[in-house]
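Two complexes, one shared chain (subunit A), two partners (subunit B, subunit C).
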Partner chain A sequence: MMTTLTKHPPAAAHKAPQRPGRGRRMAKLRDVRIALLFILPAMIGLVAFCLVPTIRGVYLSFTEYSILGEPEWIGVDNYTAIFQDELFWNAMAVTLQYVGINIGLQTVIALGLALLMHRVAKSTFVRGALLLPFFVANVVVALLWFWMLDYQLGIVNEIISWLGLPRIAFFGSEQWAIPTIAFVNVWKHMGYTALLIFAGLQAIPHHVYEVASLDGASHTRTFWSITMPLLRPVLALVMVVSVIGSFQVFDTVSITTGGGPINATRVIQMYIYQKAFGESDFGYASALSVILFVILALVAFIQMKFLKGNESDLD
Partner chain B sequence: MKKFLGAVAAAAAIAISLSACGGGGSTPTTAGEAKGEINYWLWDSNQLPAYKECAANFTKANPDIKVKITQRGWGDYWTTLTNGFVAGNAPDVFANHLSKYPEHAAKKQLLDLNEAVEKDGIKLDIYNEGLADLWIGQDGKRNGLPKDWDTVGLFYNTAMTDAAGITAEQMASLDWNPQDGGSYEKTIAHLSVDKMGVRGDEPGFDKNNVAVYGLGLENSGTGQGQTQWSFLTGTTGWTHTDKNPWGTKFNYDDSKFQETIKWWAGLANKGYMPKLETTVGASVADNFGAGKAAINTNGSWMIGQYSSYKGIKAGIAPTPVGPEGKRASMFNGLADSVWAGTKNPAASVKWVEYLASADCQDVVASKGVVFPAIKSSSEKAAAAFEAKGIDVSAFTTHVTDGTTILFPITDNSAKVDGLMGPAMDAVMSGKKDAGTLSEANEKVNALFKK
Partner chain C sequence: MTTQTLTRKPTNWRRIGAWSLVVLALIATILPFLWMLRTALSTNGSLASNSANLLPADFSLGAFKRVFGMQSTEEAIADGGSGAAIDFWLYLRNSILFATVTTAAQVFFSALAAYAFARLRWPGRDKVFALFLATMMIPGIFTALPNFLLIKNLGLLNTFAGMMLPFLFMSAFAIFFLRQFFLSMSREVEEAAMLDGARHLRIFFQIVLPNAAAPLATLALLTFVGQWNEYFWPLLVATDENVRVLTVGLSVFKSQSPQGAPDWSGLMAATIVAALPVLILFIAFGKRVINSIGFSGIK
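And now, the complex of A and B:
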């Protein structure tokens, strides 16, 4: 994170003095070998757990495959079926709704928390406490809120009812389910996101703020004209990572609503899971995964391009 | 350079050992030799102690065979099992369900037990009627040996019925019809109480502020409605499929079915039953335990749980008598199956035969948790329940009176549920009319025309 803003990449410091021709090439060759050796363990993981499954997934998306037995090649049939599948379009709409609420809330809250951490809450304890929800396992967080928000027995509804307000079916009503799930995940991830942004804030040199205050800029003006532009590369990275994660929401849905009520929370990952492991339709599920993969690649590309995440205004 | 080569060799060794950990394992025993260790899976934690005892007795009688028992919750059980089939490490023997085995059989994952039954002279008439035949596939293969059975009944909070002046005799003689709900609906209405203490059948009942619902709601029951609605539809002469087992046409477009669902969904509108949206969360039984509902319809495997809530005494009544003058209950029979890919078929078959014998089923019966498949063991289980002070005649009456309807055994059951779940939810939540179930039925039946 920090290195994205470092003006002088550490590698530059290690540049050895120029050596004459042959020796230099030998040294370079040795460097490559040693580099490969260090890359190898990660490479094995990448090939075995990412590359091979991805290629196999793409292959399976063109087949009918029930996991037991052999995949049967059916061309693009899965894809044509998907585009006519109401549940797929429903899943996309539900997922987008979730991503919108989740990312919107999370980024704003995390930015606010980061500013507080930067300016006000300087104690390590408070900063650490903000991260606590992130340390709890996803499943535990989901179950915790599932129980607290239960319609009949949950403490939140007991309080609402005690205040004389009507109980709310947080996970059971079609209107509330997605916002509730989005809220649970915001609660879990906001501390971590804030920490990332906080790191970005610390990397903004102090002197630009001094200049701004010398020029008599207000706090709001400083925020919009200094902090935000200089924070942009970090925000871009945070957005890319959190949007990709958000599109892949699964555990919270699986633990709580399982895709219901009716189809209100059947997010794309849930739909893929149900098709594959519920209905043994691995070919169709693979095709759905490939589509999600393409969408995510596009989203990441557009975000990086649009937010210019790979360059900094400090240069 | 030497150092470098050494490092590469080390890395290669790590890589090889990493890739090797996926395979290997125990050395396979040759078929026919009944010894070694076998794996057995089941999903019900309540039954784990009983089967541990069975396994210990079995190993005492067959010192060469050890049985390792693993229990997994229902949710994980089936996906882990399927993954095990593919990865080649599925359990040798496992508890199986009627809604799941057709797919296993179609994928040739189950060992045919016909040969073993013949060779070892297993008597199939010791089991309750029909239970053994449920496990014969379309190809005539025997996919499991009967383990236990269950029916559905009404669990009710006796303190609430007492307060409402309803006797146990009245609870045991309810009748129902899809038009006005009969005395079943009247009782449910009378047991519903709003925040001000007004009963559901009294004027001024506030259906939007209900303190106790007459009837609890688990969920919409998807396409089977085992504990939710099948005990009602079954009394109208309606059946899930054109024939059972192995039906290929579902009847969700039948007016008898749709009328029943319409009546049932109507209870929520009247404030006699919670709305569907409130059921996502705590289980229907836990809501009963918290005093939020007076009656729950549930299966006999839940007797233990309903009896264990502190401060609540649960009575059990049989399901109501329907328009055709009889009660009805789905009759579900579980079995133990042997995985076709077992490395130790001889020991596995021996274990599955032991599980299906009175030796083991009497042990299960003595714990008083479920009804074993063997008739004599079933009776022992009823006695064990009785000793705990629980009258289970509401469940056994269906078997003695012959009012059971079989669990629908079909292909594509996961896909049928995938279609019927959302369709039933839409009707139960009042979003759609019961008539829309005909559209869902068309989609369901299209699955069988491929």
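And now, the complex of A and C:
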């Protein structure tokens, strides 16, 4: 997922004044008509490719539909089948394993990098270089690492065997495949995540640190008692966005393992894709994506609640 | 923002340690790209025996020729390629067309909507805005299946129209992003123009858009990169050779691997073709993007 959080320095410093009362009614009527014109294209997009598909997706999840013919209403049969579907539970377990490794590793590394950007390496060059992988397509990143981690010729295995250790089938073995894919995506996203946290670090007022320093607080103490609590809202938002993106991992899996070996990397989105386009079972696939949607909404809700992401300790 | 944020001078070894971590991170980021280039400029036959050197093994442009369909089938097979027809010129053209058209339309229509949300008064405005924001929560896969059926029913599978349609009209993020900027812009000039009898359309095109050139450019850049890298949707609706974009082309190329060893140098040459335009854009405009990444809504 390419969700981007950005800000821009305001063009003008002062707040816009309220519009004067002259000819208000005329202006109002004109506003409504013109507003309709301005909003129309976006509205078409919203309705045709977002709202209607959402409703249709929910409807399809209660049907049996193989693309050929008409969807046939079967009530909650898809859902009851899913709860007894071992491949579904496997997909959930694999996805959770991926999300855990991906988010854990990524948050720690990005936090470290952000602190380094903030305190040591302030140059834009460093930030730019670390951001590079984020701008390259998932497919490209996946292929690049597929090559570098190749069992026979990959440079990483060359180094491993040069060190006298046994070669590792990174994408080919059941226990390595998911950690490897998680690592590849950490590599891609760490710079971007670090930059987001860095922006949060910069928002912490300077004087808080000065007071801590005057009180003789150690670096470690300052980090745990000041930086982390004040960074919490930013971290919460970064986590929510990354976790939601992480649950929808597909490109890297599709390019490198295609879900294998056996079922080791069949993440939930891969399973949905295979059900819909491999087995033409659109009803079942729709029910799976409804479940994914509900899970994501729950995860976002719990995280915001748990991390109190919408409150700041600065007030 | 060049203010010194350190409150105390760290001891020297601390600083050295910190810098070595930075250098390590930089190496970990950059080295794989150099390895990609190195592989693309090597021949497949020599890759096995020369892995300890950063310079190309047995320098050759053969991989790039193969990717652009400029090698004969025999030559390609002799060089370790699959010999299957592959034409990255075509995919490059398709990617450019797909990313440019969707970016231009999406940013323009989103700007129109953002203006309506930021500057015009109409009943239900804030509710509709909230609805747009809420759609950011819907996972892509969820709408992808019904959208695929829609495109299929319209008979637009394997056409540019089918590939572009869902992206053309808006992105909730773009609307949100531009609305925030429009709200921060001074209204004075617009109000003066209004008193002179200028209509909203003129104000939008002659005052608001030029003043918002910088955020529009940033947004367009981010959108373009996202569209350029899009894989899932084109994979669903546009796998035919004549509309195939680079990302899908890459996956097809990979799956055509000849028996035994894959065509690594060809694959890496192809990934460079797919990555280069974005890397060039990033080197040219990266600073703007880097400085714009941060948080809106959080102080």
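Here is the rule we use: the second predicted complex is superposed on the first by the 271 of 315 C-alpha atoms of A that agree within 3 Å, B and C clash if a C-alpha of one lies under 4 Å from a C-alpha of the other, contacts with A are read in each partner's own complex, and residues count from 1 in each chain.
The working rule: a residue touches a chain if its C-beta (ideal position, glycine included) is under 8 Å from a C-beta of that chain, and two chains touch if they have at least 3 such contacts.
Note that the coordinates shown come from a computational prediction; the quantities given were computed from them, not determined experimentally.
Of the two partner chains, subunit C is the only one touched by A:A42; subunit B is not.
Subunit A is touched at more residues by one of its partners, and among subunit B and subunit C that partner is C. Once the two complexes are laid over each other on the shared chain, residue contacts for A:T80 go to neither subunit B nor subunit C.
Of the two partner chains placed by the overlay, only subunit C lies in contact with A:L132; subunit B stays clear of it. When the two complexes are overlaid on their common chain A, residue A:G112 makes contact with subunit C while staying clear of subunit B. Once chain A of one complex is fitted onto chain A of the other, the partner contacts of A:Q202 are limited to subunit C, with no touch recorded for subunit B. By the touch criterion stated above, A:P53 is placed in contact with subunit C alone, subunit B being left untouched. Once the two complexes are laid over each other on the shared chain, residue contacts for A:L237 go to subunit C alone; subunit B is not touched. Of the two partner chains, neither subunit B nor subunit C is touched by A:S218. Counting contacts by the rule stated earlier, residues 34, 41, 44, 48, 67, 146-147, 150, 152-153, 277 of subunit A appear in both its interface with subunit B and its interface with subunit C. Per the touch definition, subunit A reaches subunit C in the complex via residues 1-8, 10-12, 14, 16-17, 19-20, 27-28, 30-32, 34-36, 38-39, 41-46, 48-54, 56-57, 60, 67, 112-113, 116, 118-122, 124, 126-133, 135-140, 143-148, 150, 152-153, 155, 158, 187, 191-192, 195-196, 199-200, 202-203, 206, 209-210, 212-213, 233-234, 237, 244, 247-248, 250-251, 254-255, 269, 272-273, 276-277, 282, 285-286, 289-290, 292-293, 296-297, 300, 312, 314.
Residues 4, 7-8, 11, 14-15, 18-19, 79, 82, 85-86, 103, 107-109, 208, 274-282, 286-287, 290, 292, 414-415, 418, 421-422, 425-426, 429, 431 of subunit B are the ones that touch subunit A when the two sit in their complex.
Those residues of subunit C that touch subunit A in the complex are listed here as 1-3, 5-8, 15, 18-19, 21-22, 25-26, 28-30, 32-33, 35-36, 39, 47-48, 51-52, 109-110, 112-113, 115-117, 120-123, 125, 128, 131-132, 135-143, 145-150, 152, 165-166, 168-170, 173, 175, 177, 180-181, 183-188, 191, 194, 199-201, 204, 211-212, 214-215, 218, 222, 225-226, 228-229, 231-232, 235-236, 246-247, 250-251, 254, 261, 264, 267-268, 271, 274-275, 278-279, 281-282, 286-287, 289-296, 298-299. Residue ranges on subunit A touching subunit B, taken from their complex, read 33-34, 37, 40-41, 44, 48, 66-69, 146-147, 149-154, 166-167, 169, 171-174, 177, 256-257, 260-263, 274, 277-280.
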